[in-house]
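One chain, chain A, appears in both complexes that follow, with chain B as partner in the first and chain C in the second.
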Partner chain A sequence: MLVHSKGGRWAAWSLFGILFVPLFALPLLVVVAASFATRWSGAFPSGPTTANYASAVQGESLQALTTSLVTALAASLLALTAGTWAALAAAALGRRGKRVLDALFMLPVAVPSVVVGLAVLVAFSRPPLLLNGTSTIVVLAHAILVTAFAHQSVSAAIVRLDPAYEQAAASLGARPAYVLWRVRIPLLLPSLTAAAGLCFALSMGELSATMMLYPPDWMPLPVRIFTATDRGSLFGGSAVAVVLMATTLLVLLAVSRVRTRASYR
Partner chain B sequence: MSGIRFDSVSVAYHGTTVLDSLDLTVEPGEVMALLGPSGSGKTTALRAVAGFVRPVSGRVLIGGRDVTALPPHKRGIGMVVQQYALFPHLRVEDNVAFGLRAQKAPRAGIPARVTEALEMTGMAAYARRYPRELSGGQQQRVAIARALAIRPGVLLLDEPLSALDAQLRSGMLAELARLHRELPDVSILYVTHDQVEALTLADRIAVMDRARLQDCGTPQQLYRAPRTEFTASFVGNANLLPVTVADAGAVFAGRPLDLDTGRAAPGATATLCVRPHLLGLGEGPNALRGTITEVQWRGSTHRLYVDVGGHRVKADLPELRETPALGDEVTLHFEPRDAVLLAAGVTDA
Partner chain C sequence: MPEAALRPAGPAPTGTRTPSEHPDPPREAPPKTPPRGTRSLPRALWALPPVAVLGLVFLYPLALVVRQSLTPDNGGGAFDAYSAVFASHAFREALGTTVWLALAATVGCLLLGFTLALIIAFVPFPGAKAVARFIDVFLSFPSFLITLALLFIYGTVGMANGLWTDAFGGSGGPFHFLTTPWGVLLAEITYFTPFVMRPLLAAFSQLDTAQLEVAAGLGARPARIIRQVILPEALPALAAGGSLVLVMCLNEFGIVLFTGAKGVTTLPMLVYGKAILESDYPAACVAAVVNIAISIGLFGLYRVVGKRAGA
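Right after this comes the complex of A and B.
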């Protein structure tokens, strides 16, 4: 909606300020402020220091960061592959089949992630598929949780894809596999990278299912932030949280750069 | 050399017949235009040749081979569609090479074939561009080059010019005619709703309406001697007037007309078909007297709508010095040989 009057514009901006500042900006600013502090007894934090960061980027915190990055990368690749595959299959299935498949893939989002965590834990805690206590189970749970988003955004893109491209390719003698790899996937690339970014960000921040599953040697960063603050180490936890935030944002930025290069029209 | 044959091909979507037992043969090297309004089944017929719709009955043959059950990529056809459908992520040269690579043509021969196809359409200078950097007309040339690069025996053109503006369209029409002269072995199936394109380009025209083939013949046959009212009005927008056949000639609006009635029995009702531009102003043989109800100035011509005994008659006259006024009484006439008598009710055939 376009706002033309001066008063209207002013009102719109102030409404935005009132909603955005306390809801989105302030909490994040508080975390950033806390991450540089040693005490916070008055209205503002005091005892400025960078020691929190020094410890946030080494030792166990660094290991947790690597764990998170590896987990998010593996989970989003898995989710992207499965979600894209399913979306392509659903498009070929016809209307009813597509609806069933879409509903199936939305299930992990509809179910609370704690429940998904518990389900994965129960399912893989005894042979033949004993994954409890391994890093694989964490990656698997993340993949299950984020596949829904990959599937949904890729299916939306497939619906928008003009069938004329595939048909032109087929008329030129291209087999279906050739059409998929040389025409459809390249045209879907912008959506695929967007989906990858979304999956990655969601996986980087996942806590509730991870809490139920993580083995001692595979502790992702959100869990570390939670345990740190739970033990009362609020400022150290804040610094780790800022590192998590910055890393995720950096990766998303990189992905969006790939995306702008991949969009053709 | 490969032609196309439709052998009573029917296509239906969700129970609606969109192509009703089409029988049509496109000879090798022939340009066949499928002409009809939207929803006439002409595009469906083309898509049945391409393999994008499966007939519910009948067979499609390309070069004598039954391809009805064959997937599109095994049919050896070139196709150009209205919206070009150039691959936006590939350069022009890679678009043109696409078919050759997909068919695993010998790698060494590909650049020469690409250059050849681009030169044929006058696009060689744009090989390194992306489709989005080209104008509509240029994109259409690349789409044609892409279809020709695989050297198809059959070229399917689905409204290839309708996305272009009028001036570009007539230029491309001449280009297509030239391409056909250079590639005399390629059979072309050309789908269009534009009669000018069909009349200009086609060796024969198949007129389609409501899922059925209405008429088929050379442009001259269809224009001068249409067999159905639909053909007469769709190709050349003829006047269709109800007449009663008399012993010698016919009666229209109570007045006798002198024309060749052929085998029509006296007393029968028939439809008189006469082209608007073959009507003359003033007294003459077969005079039609009436009142002007509308005048349109079209630059080189005046289009008059004249009410003759309750029937609306269109006449295209070379630009008149004095524009006639609404309500004027005028007389139109036509030569007996310029009229065609159609048996009434042929439209429903």
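Right after this comes the complex of A and C.
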């Protein structure tokens, strides 16, 4: 407790309220409120309706939702595989090798996502790998962008792993592959699911690289929200944005349930 | 299980072994565990597949961008594209806007994040835990949602202007900053402050509150406790969080795109505009290379600061 006087405490709390509510709570509330409205010409929205949601879960928007879900799922799986593999391989290397590998896999975070999109577009618009205009190129870009987060979270968990378990298993004659599959991976499962949730959420909201790459028949949800609001349909866009937020939250919630069931340690 | 597996790994079993070299050879099967001598090579080999994949899908494309910026496909000598882009007014303005927006947003995030984290950690109130969790959720939403929300709050017919006209009359309110850089700045501070708060809250939770009690018992006022006890502890987290936010602000695209202002062009926006809207790939690649150079330099700084801070 830093402030002991009652007045001082109330002053601190009201400062917190003044800063927190308009900056962080209000934006989310406003988007939700707008998604149920038809007009906003005054202090508050007017014309309550659910028509925005009716159109947000059918036709093009529904297609965008499934596109986003498929993309996020595929990209997360790819990123998780590559990131975990790299993290496990890095842990087996020496100090120097681990640092190089970690730096390599963190690099996509430092490069702007728009530039990642541009690079993928430039590289895969020419033979031998002609992916321009396919859904693969979107999934690929998403996977590149989120692999760093998977790698970071798994390698942090590997450092915390108690080596006694694998040493015990190895001393009882388990071969490395068996130790990896039956001891290390299960122990890493909580952080793997957490990493999967993070990758999924990031991929669901990815806009920058997607804007550079998306083909007309593979338009993820954030692009759909942008095209809607760009055409001036702010309320329809808000409803789609709420669908995006709700889907992300649901998946994160499901993943955290898996995590609590898996963390039997 | 075979008895040999329990033994520490010996030298590689070879067919040409003679009893004189190995007085006590394994009686049955050769050891199952790989011999120590050959072990370091497969370990390095295991790192190869992910690195090869990363090289193909990330490093090779980046190299192509750099090459394209130097020797464009449509002709022209080396650095022609660079001199053309550097000479253009739009590029210099975008560079300036990007840098000052990122710096201002970082300072704003640090001040705001430090204040809010301080209150959550040291002047706790009912629901402080829920607020901390809300911050985590906030991080998982895409950035452009903030700009979308600000359109309803500060837009020409939004909430703030509506309240103003309700209170004072007139045809419109005074809030027209959304399509200026200030609107982008407000959105970036809002979106990136949680990235500063999270490491700060983690650092504060490790701070022994007895230190604060002792300082207070010795007569230090809250301002002095913050300056002399809390701030030194928070400095590594502030440095790490601040440099991460700086990099992310330099690379932010969604917020600027949704603002839709012609007057606000940042480097990522310029890359998008040149490549997609104008199909001028060499110019886009030059802007991309400049953007990469700035953000990788700063990210390296972040890693160094973070390493030193133990983050």
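Here is the rule we use: the second predicted complex is superposed on the first by the 246 of 265 C-alpha atoms of A that agree within 3 Å, B and C clash if a C-alpha of one lies under 4 Å from a C-alpha of the other, contacts with A are read in each partner's own complex, and residues count from 1 in each chain.
Basically, a residue touches a chain if its C-beta (ideal position, glycine included) is under 8 Å from a C-beta of that chain, and two chains touch if they have at least 3 such contacts.
Keep in mind that what you see is a predicted model, and the values were worked out from it rather than measured.
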Quiz prompt | Touching partner for A:G205 - first (chain B), second (chain C), both, neither | solution = second
Touch test for A:T229: chain B only (first), chain C only (second), both, or neither?
second
**Asked** Looking at the overlay, does A:L2 come into contact with chain B only (first), chain C only (second), both, or neither?
**Response** second
Inset, instruction - Could you look at A:I18 and tell me whether it touches chain B, chain C, both or neither (first, second, both, neither)? - result: neither
Task: In the overlay, answer first, second, both or neither for which of chain B and chain C A:A169 touches.
output: first
Partner touching more residues of chain A, chain B vs chain C, is chain C
Exercise. After lining up the shared chain so the two structures overlap, which partner does A:L244 touch, if you call chain B first and chain C second: first, second, both or neither?
Worked result: second
For A:L121, select first, second, both or neither according to whether it touches chain B, chain C, the two together, or no partner.
second
Open item on the list: Just checking: does A:V57 make contact with chain B only, chain C only, both, or neither of them? Give me first, second, both or neither.
Closed with: neither
Both chain B and chain C touch chain A at residues 170-173, 175-176
Counting only contacts in the complex, chain C reaches chain A at residues 1-2, 5-6, 32-34, 43-44, 46-47, 49-51, 53-54, 57-58, 60-62, 64-65, 68, 112, 115-116, 118-120, 122-125, 131, 134-135, 137-138, 140-146, 148-153, 157-159, 162-163, 165-166, 189-190, 193-194, 209, 212, 216, 222, 225-226, 247, 250-251, 253-254, 257-258, 260, 267-268, 271-272, 275-276, 281, 284-285, 288, 291-292, 295-296, 298-300, 303
Per the touch rule above, chain B residues touching chain A in the complex are 50-52, 71-79, 81, 83, 85-89, 98-99, 102-103, 130, 132, 143, 146-147, 150, 156
Per the touch rule, the chain A residues reaching chain B in their complex are 162, 164-165, 167-176, 178-179, 182-183, 186-187, 189, 264-265
In their shared complex, chain C is touched by residues of chain A numbered 1-4, 8-9, 12-13, 15-16, 19-20, 23-28, 30-31, 33-34, 40-45, 82, 85-86, 88-90, 92-93, 97, 101, 103-116, 118-124, 140, 143-144, 147, 170-173, 175-176, 198, 201-202, 204-208, 211-212, 222, 225-226, 229-230, 234, 237-238, 241, 244-245, 248-249, 252
